[in-house]
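The first chain written gets the first letter, and so on, giving A, B, C, D and E; residue counts start at 1 in each chain.
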Amino acid sequence: MELLKIENLTKIFGGLVAVDHLSFSVKKGQIYGIIGPNGAGKTTVFNCLTGIYKPEEGTVIWKGKDITNYPPDKIANLGIVRTFQTIRLFSDMCVAENIMSGRNQISKQHWYHGLIHTPFSKRDEKKNWLKVKEIMELMNLQDYATELTKNLPYGHQRRVEIARALATEPELIVLDEPAAGLNGHETLDLTNLIFKLRDMGFTILLIEHDMNLVMNVTDYITVVNFGEKICEGTPEIVQNDPAVIEAYLGKEDADDEGDEDEN
Amino acid sequence: MKTKDVLLEIKDLKVSYGHISALKGISLKVYPSEIVAIIGSNGAGKTTTLRTISGLIKAQSGEINYRGHELTKIPAHKIVPLGISQSPEGRLVFGTITVENNLKLGAYSLKKIDYARMEWVYELFPRLKERKNQLAGTLSGGEQQMLAIGRSLMCNPEMLLLDEPSLGLAPILVKLIFKAIKEISKQGVTVLIVEQNARAALRLSDRGYVLEVGNIVEYGNSEELLKSKKIQEAYLGKKKQNQLI
Amino acid sequence: MYIFIQQVINGLTIGSIFALIALGYTMVYGTMKFINFAHGDLVALSAFVGLTIYTTVVSSFSNSIIAILISLIITIVIISIIGYLLERIAYRPLRKAPRLSAVVSALGAGMVFQNAIMLIWGPNPHYYPADIIPNKIWHFGDSVISLIQILILLLSFFIMIGLYILVNKTRTGRAIRAAAINQDAARLMGINVDAIIVIIFALGSTLGAVGGMFLGMFYRGITFNMGWNYGISAFVAAIIGGIGNIPGAMLGGIFLGLFNSLIAGYISSTWADAFTYILLILILIFKPTGILGERVAEKV
Amino acid sequence: MKKKITGSLMLLMVLALIIPIGLNAKVVKIGVQAPITGKYANEGQGIDQAVRLIVEQKNAQGGLLGNKIEVISEDDEGTAVKAAFAAKNLINKKVMAVIGSYTSTCAAAPQKMYYKAGVLQTSDGTSDALTKHAYWTFFRNSNPNSAEAIFTANHFINQRHYKKVAILSDYSSFAVGLGDAVKKEIEKLGGDVVYYGKIKAGNQNFTPILTKIKSLHPDVIYFSGYYSDGGLLRSQQVQLDIKADFYGGDANDNVDFVKLAGSAASGSYLINVPTPSLLPYDDAKKFLADYEKKYGMKIPSIWTILNVDGLRAIMYAAEQTNSLDTKVIADFLHNMKKPFPGFTGPLSWDKKGERIGSSYFAYEIQPDNSYKVISK
Amino acid sequence: MRKSAIYKYLVFLGILLIYPLFSNSSWLAIGTTFIIYSIVALSQDIVLGKAGMFDMGHAMFFGIGAYISAIMNTVFNIPILWAIPVVVLISAIISVLMAMPTIHLRGDYLLVVTIGFNIIFQQVIKNNVFGLTGGPNGIFGIERPSLFGFEFSSDLSVYYLAFFVLILILIMIKNLETSAVGRAFHYLRLDNLAAQCVGINTRFYRLFAFALGASIASIAGVLFAIQYTVISPESFNLMQSILFFTIVIVGGMSSIPGVLLGTFLMFVLPEIFRDFNTYRYLVFGVMMILTMILRPRGIIPKKFGIIPKYLLKDK
């Protein structure tokens, strides 16, 4: 079943076509990768998908519904939640408070509960905090619950961001270069985490530079360069595609590739 | 390896942003007239290294020695006149200023603009000459990169620091830029280049350092590094590889 | 028709003074990204300093024009030094602090200036002598223009041309613009950004000093609390033009001066302020960064 | 650390609030409530200094009924909120009478408090609202707007025979009140008010509104606001070559009007009770000289002297009744058969605390900046 | 809430409770105004400190509360306490109407717009629109309220009325801190985009913060009208807005003790130093600069990371 379908997506910045009639679709339960050289337009795709940019052309279809020009919060509430390439946490707040932000729209509190607490709002509050606790345990963050996120190491910040995304109870998690800045050990943890998330039933859409990670975890990959799709398929297919190799290594290297593509 | 004296030597350099340490004590050497590449993934500390050399970031501890000057103790604007010029990541051209004025700004530390040098830059990147009266912000990514490099050449540097010159550029442009870097190097300018495009960088350079989350994990001759399995794996992943870097 | 012409002359005169003061706001905002609320009071201070110097030196010169030029120059020097000290003491320690801290520091500095004027010169208004500039007027049709108006218009015009040349055609000017666009990139060019900020404060203070003395010569009466009124008008002018943008401040000042005159002349003087601010709000709603301001896209 | 800071600050808070100052008797206390800082600081400081001078002279003569007089000044900054605080302070310090405040708003805000505390208040505020309640404690030492308006309208229509009148005021309660009243009286006498507008005090640039007025060709421009704007209005009127007479209301009568208007001052007109320099009384002249000698500056305006007169009348009443009881003094002041000879002319009051028998003059300012009386 | 925090608030409220015992009538009046200004500053803090919107025209809502209640009382003879719901409603509506087209503006531009609104408001009341606002004179003769037969005629009773309202507002703001709404304000201030991307409708919360701040300030306005029985335009002008703005920044954004301390320093301290008539504001300006340099985030900055106990890992 197609969960997310992107058709003919085009985004132009001042004459520069950042995304050029790009189409792909993500099935439920998939781990879907988008790769491409830096500046290829991958993040722009995510920004269009999550409502931050308005695309010039094309549609974003979520479970059969056109959500193309929805604002980011509405899209998030439909079950698409993302992380950012440059981590965007609420840096002055603690880990638990950051994760709690994901519960904000799930909470049943009305605006007046902000002024007058009722037994209902207190219950609701406790319920959501307990959910946060659950997520912190899942993500191994409980030791840092009251630590301000700006004081955490990079790897932990990544985990908090993913935890915050999980807290919104999404169906599709969009990860924008989750391994950027992680060391080998942390990347390994991340790999396991992504599998774990898939096993829990989340669908995952991923942009990543770390080829090891991408090739390891994804089921299906779209390769983008200059906003255009140059190849798609399973990791095996993608890895052996001459267009991909060219995009990554440049033409002058093409003659070297023979001895490296052993598979 | 060159036999001359070391031009730039970094000793046990540590840098941190608040509680996050970006460089955990790196050491490296650059000899006159060579091209040295620093490669590594996003967030490894490459840019931090360059920005610390240029004086934009304060070092926590360690030394950066350049021809007898201790750079960690000198403010950024006094480092440029010593002969170190940087083309920064993201190019940072002055968007609302014309191309030519960007180049003039590059020569700021010389007090007088060397027009012969400007001609040389135009020869290196003819595209810039065509657009010299255009606002830098209206240039394409590749042209901006050319401008950033050209600008950093205007102060007649002895050493050029290049931060990700290939970022976001089409292969053909990358080729053009790298060719230009080679050309610059031939003029006797020492080049320290930071790149994610490891292969291209190593092909260009004499020596290379591999940086990973704030530590140098590998260094040596570029040709050897290029052949190293580890490097290959890190930058063009292999399917079903169980062992990570 | 003569009313219209007259209102335009009136508007241009006050508008060019607004523009001079607005430049001080906009230049500081351009590089430091904060509103220097003390600028208006600095303008008031320069009017007082200028008068004091004028009354001291006037006896040594037979020609009052020479006396006023000399006092203008001395005032500029003094006010620039005060502007430099202001930056050094009240703003530089706050470069890395939250932006609103610098705003409050500026408000505090404004309060210091205002009360210092009151303590030094007393609460009474002071007066520029009436004969500094001969009281000559020219008629064309039913409209009139006075010598002092012509002088203000011409001087402001030349000062703004001078500033334009300085910023666009000189080495220092390029450095100022570079520092305004990106301080780190400017440092990489070997530009001493701290020194540039000092220059900006000195320049802004210079223009403010000229504006302050124009006010004194044109209206004669100066009071210790006059800075706030002009400050807020000039600040609005800077915003209308697009704060941070030097031609924008000039345009905004002239525009605001003209608009004020025409509203008061043709619509209602009792509601002139309301109209001015409604205009301001409308401009910001439809062009959120002012007339010449550039849109800054948020980087994701 | 944070605990310590919070703790010590709280302690400071408590201490600060318990400090309020103790009292001591044996002296008669006179309060001055005036805008010592803020927009009207020069008027406020003038009133304060003049009162202190009078009291100093009185004490030198043996004080009031043998008691030494002490002056307590409170700054109201020209705002109603601070005026209320200042008044409470004065009441707590048990003053017998309060001189001030300068502005109508600041005189009105604490009026009821003084009434409730039985403290005499004498103010130069000219707003009609001040005598509306007829508090027995309140004595206006200036003349009300309405009287001035009647004089002005009569002078314009019947003596000068103006046909078209332009009126300007600022946003102060006093100027609006006077402007409204003048407009009403002129229309009552059949005059044509072709323009009635407001300027923003301190704005300095009045050319837009004057240009507008120019197009209406009035015979006279009347300004009911303060000298600091009036002088500029006159100066800009001449600059714009507007051929109309210029009349300033009483608040324009300040030495600074002439300074601001410069050469344009000559030929403009003012309407007020007799001005300090024109006061025909010898003791008034002596007081002006004393003031100038002591403080090295001229008295800021007639308002200073009006306030001083208020104080002098109160002291006179105390001596006449041989009593320091405010009720007795007030009764005496309300029922004076023979007016008290003040610096500004004879003073007496009606039941509402309104000054009776005000005399207005219209002056023309001469090229040498002296005043020439053109109408009484 | 932590035990120690409760204890601190009790001490603070305790001091306010017994304060009238130690003060004469002028200090009582200052105390009452301190409480009223604290309420305004707390409401300013909701907009500025919590939701991070640069509102430099907040005195306007304070004024709207005072003026509407005064007009209702003096013109229509409605008991002033009955005016409160109307005042709250009207100022909430006005604030939302004002904020809707302007709320998207970046920091300093919003600051200018709110200054503009404040100045327009000033001109409206000074021009005596519909003959209701009394022009520059303001409105005289506002009647003090009575509740269940009790007349709030003495200054002391007004003090305790204000004190009671302050307690209610403090409870409300405390509740805000520990609710989804209050956290949403912090999220959108710290990173608007990230907040949107986890599903928070930041536009709604911005408007809500504005409306809430305006409503609370307008309640303070009613109290102000009750205390002074006279109101005039200059109590709600731009200088007052700047005062409230400064209180929040000097005290510490979104920190309740900070805002209360800020009100004390910026408003009560100048009253204490009345004797230094002409010098005090000079010193005051210097103090503002020094405070910012020494404590750029305010004197008592907000502390985050206070979460329910049951979340903490058992040690």
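Keep in mind that, in the parts below, a residue touches a chain if its C-beta (ideal position, glycine included) is under 8 Å from a C-beta of that chain, and two chains touch if they have at least 3 such contacts.
As the structure is a prediction and not an experimental result, all values here were calculated from the model.
Enquirer: Could you tell me the least number of steps, going only between chains that touch, from subunit B to subunit E?
Expert: Contact-graph shortest path, subunit B to subunit E, evaluates to 2.
Enquirer: Hey, which chain ends up farthest from subunit E, C-alpha centres compared?
Expert: B
Enquirer: Just the number, please: Cα centre separation of subunit A and subunit B in whole Å.
Expert: Computed from C-alpha means, the inter-chain centre distance equals 31 Å.
Enquirer: So, what's the distance in Å between the C-alpha centres of subunit E and subunit A?
Expert: The mean C-alpha positions of subunit A and subunit E differ by 41 Å.
Enquirer: Please work out the Cα centroid separation of subunit C and subunit D, and write it as a whole number of Å.
Expert: 35
Enquirer: Cα centroid separation between subunit B and subunit C, in whole Å?
Expert: From the centre of subunit B to the centre of subunit C is 43 Å.
Enquirer: So which stretches of subunit E touch two or more other chains?
Expert: 127, 193, 278, 281, in rising order.
Enquirer: Which positions in subunit A touch two or more other chains at once?
Expert: Residues 52, 84 of subunit A touch two or more partner chains.
Enquirer: At least two other chains touched by the same residue of subunit D: list those residues.
Expert: In subunit D, residues 37, 198 touch at least two other chains, as defined above.
Enquirer: Which stretch or stretches of subunit E touch subunit C in the complex?
Expert: Checking each residue of subunit E against subunit C gives 54, 101-102, 104-109, 111-113, 115-117, 119-120, 122-124, 127, 193, 238, 242, 245-246, 249-250, 253, 278-279, 281-282, 284-289, 292-293, 296-297.
Enquirer: Within their complex, state which residues of subunit E touch subunit A.
Expert: Within the complex, subunit E contacts subunit A at residues 172, 175-176, 178-184, 186-187, 190-191, 193-202, 208, 212, 304-308, 310-313.
Enquirer: Quick one: in the complex, what on subunit C touches subunit D?
Expert: Contact set of subunit C toward subunit D: 3, 6-7, 10-11, 13-14, 118, 122-125, 127, 130, 135, 137, 139, 144, 146, 215, 219-221, 223-226, 229, 260-266, 268-270, 272-273.
Enquirer: Please output the residues of subunit D touching subunit C within their complex, sorted ascending.
Expert: Residues 37-39, 41-42, 44-45, 197-200, 202-205, 207-209, 211-212, 214-215, 228, 231-232, 235, 239-241, 256, 259-260, 262-263, 297, 300 of subunit D touch subunit C in their complex.
Enquirer: Quick one: in the complex, what on subunit B touches subunit C?
Expert: On the subunit B side, the touching residues are 54-56, 75-81, 85-86, 88, 92-97, 101, 104-106, 108-109, 111, 151-152, 155.
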